[in-house]
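Contents: one structure, followed by commentary.
In this document, chain identifiers A, B and C correspond to the written order of the chains, with residue numbering beginning at 1 in each.
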Amino acid sequence: MSGNGDLVLIKDGKRLDGRGFEELRDIKMEVSVLERASGSAYVEWGKNKVMVGVYGPRELHPKFLQDPTKARLRCVYNLAPFSVDERKKPGPDRRSVEISKVTSEALSSVVMLERFPNTVIDVFIEILQADAGTRCVGLTAASLALADAGIPMKDLVSACSAGKVNGQVVVDLMKEEDNFGECDLPMALIPKKGEIVLLQMDGNLSRDEFKEAYKLAYDGCMKVYDLQRKTLMDSMKKFVGEGGIDNGD
Amino acid sequence: MEIEGYLKKDYITNLVNESKREDGRKFDEHRKIIIDNGYVKDKAPGSCFVQLGKTKVLAGISIAVGEPFPDRPNDGVMSTSTEFRPMASPRFESGPPNEDSIEVARVIDRGIREAGAIDLKKLLIEDNLVWIVFIDIHVLDHDGNLIDAGGIASMSALLNTRLPKYEDGKIIYGEYSGKLPIARVPIPCTTAKIGKALLVDPSLNEEYAMDARLTVSTTENINAMQKGGTGSFNEEEIMACVDAAFEKGNKIRKMLKDAD
Amino acid sequence: MLNIKDRDLVVPGDLIGNEIVPDMNCYMEGGNVYSAVEGLVRVDGRKIKVVPSSGGYIPKREDVVIGVIADVLTGRWLVDINSPYICAMSGEEVSRDAAKTDLSRYYKVGDIITAKIGSVNEVYSCQLMKPWKIENGLIIDVNPKRVPRVVGKQKSMLNMIREKTGARVIVGQNGKIWIKDGNVDLAVKTIKKIEKYAQTQGLTDQISDFLDKESR
């Protein structure tokens, strides 16, 4: 966030990529994309490309880490070296560790961990191509992958960011807006209750601007939820024989 | 050996004794190869997503500038890394590369480097400044033969890599000044030995059953070899692997050129 | 009062209704019942269950499973049944003086067995009984949540597969199925098809037609 007021990010009511202030980038979602993982999802969101693989519940080693009352949820968010402009050295950096933590906490609020004592559920989020908002894409995809794995959850988790750019509050920041805007506000919620399970902010917002950004992010999350729901429904078509069982299998 | 290994080993071996493979392939046949170039082209100057059967690997090429090695002051620099991402297999853990991951990276690297695939002499920018090429192989789904999948993905990605613009002492990301100069296209080919049989492109189950494997990376010559596993090969078997590598190498090389 | 109808598809968090009883894979909160998984809703009077589209295996008493001997200890073996929970088998299954017997003479690490789950404790650790060793043949993976469809009501589907392919088939509820002899390829193809289209209505008849067509 450099808050560079000189860079024109909004012109004639449109953002650099032609979007309106309340418009999300194009999003495509798919589940069951990996063979080995228990559950998986792949999301393209603007120029972001994110793949998530889930394993579990599975045995947790070493034993002293086991919790006899519930499963542990481990989340690893990782940027591929080629996912960003300047190559990122492999291995977790401090930013990735923080994102892993807040993502894990967001998911823990819905996953029914108490049903699987002494085990671990592993969520691996790979950012293959990054263009701002990767933690929201990752969390959204992780929620899909957990559902794909059949892990019981109270609800999905849907994420979306908002921010401020050239003094204007907008939804779903892209890279230039994240780099040169005045605020970035990633958010995630449990759609059924509308309760917030991830909220971070960095930048500069007045109280009113925050309320405006909150609403935009909230509505954005609900739009993401609709798409998540549709993706899961579509993935179950064959399960119930929609389209017949004999199509060239 | 993990449970899947025990469950499959005898079955695979019995099939091989009947001259059959689990997926119906001939012993000298590769699985279906799908090549998707430019998979992450909005950021990486070069990339390729390869599916070799169900194995899925994404190779990304990053370009930087820096100092050459002191003993080769006019040559660009290349470096190859492989990450076995934990989503790719229940056995892969988060953490630094283990010996398997490092072996895959180094074998692929040797194939590319010894063939002179990247024309490193053409990567000199100015005195004491050269292009540095990073090959990063991300294994996303493991169903066997990561060396061949990674090697094919790397070469295809390199063939489609553009050099960034370099102006006023820095790289202009997103703008490009030409293609990475490629002189030759080495392709690795791995053959597994199960009993007395030689099987090209082992699947994961076949890897559980194999006694040894031999990877041969070729252009018009042999540029790299690696024997793996605790079993052994005799000379005749090795020559058979070499011949298969030349044949398959040519076939796959043509596939890469056509996929461009 | 129901918000959905029998055989509707749901995702986690979908409202199923109120004044009903959550039976499987759903939960109650504030008087309402919601789905906990993605799957198919089945309404049975006031009982609601959601048949999951996928999921792992949690040991259940009386289940037949296929596993691999993972370790030989004094008086017992540890068996890997592809579940997050430890499974043990007492040496008494083969010998009266289990503690003094070298159990690896009966089953050693790497041996594949089929057995029944005798008991499961509150942290899901289970005990196997009545083992016998599996040799040769092929073991395939099937999503554990879809295995019941491969068996069918009163084994109707399984018997049909056995009859029409001539194969010996043992179904492990833990998602491993052993097939030997007969038309193994057709048996595998059929089982994979059932797995894919598990909750299709009239599946048994469609699979029967498929088997007849392929056998010609």
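In this section, a contact is a pair of C-beta atoms (placed from the backbone, for glycine too) under 8 Å apart; a residue touches a chain by one contact, two chains touch by 3 or more.
Just so it is clear, the model here is predicted, and its values are computed rather than measured.
Given which chains touch which, is the overall layout a line, a ring, a star, complete, or other?
Per interface graph, the chains form a complete graph.
Could you tell me which pair, B-C or A-C, is linked by more C-beta pairs in contact?
Between the two chain pairs, A-C has more contacting C-beta pairs.
Counting only Cα atoms for the centres, state how far chain A is from chain C in Å.
Their C-alpha centroids are separated by 33 Å.
What is the distance in Å between the mean C-alpha positions of chain B and chain C?
Chain centres of chain B and chain C, defined by C-alpha means, are spaced 38 Å apart.
Chain B: which residues touch two or more other chains?
Expected reply: no residues.
What positions in chain C touch 2 or more of the other chains?
none
When you check chain A against every other chain, which residues touch at least two of them?
Counting only residues that touch two or more other chains, chain A contributes 58.
Can you list the chain C residues touching chain B in their complex?
67-68, 70, 80, 82, 110, 112, 135-139, 176
Where on chain A is chain C touching in the complex?
Residues 38-39, 56-60, 68, 110, 112, 116-120, 147-156, 190-192, 228-229, 232-233, 235-236, 238-241, 245-246, 249 of chain A touch chain C in their complex.
Enumerate the contact residues on chain A facing chain B in the complex.
Where chain A meets chain B, its residues are 34-37, 40, 47, 49, 51-55, 58, 76, 78, 80-87, 90-91, 122, 124, 126, 128-131.
Inside the complex, what are the residues of chain B that reach chain A?
Per the stated touch rule, the residues are 39-40, 42-44, 47, 54, 56, 58, 60-62, 64, 81, 83, 85-90, 94, 96-97, 134, 136, 138, 140-143, 171, 173-174.
Touching residues of chain C toward chain A in the complex: what are they?
Per the touch definition, chain C meets chain A at residues 7, 9, 11-13, 15, 25, 27, 29, 34, 36-40, 52-56, 58, 84-86, 123-124, 145, 193, 196-201, 203, 206, 210.
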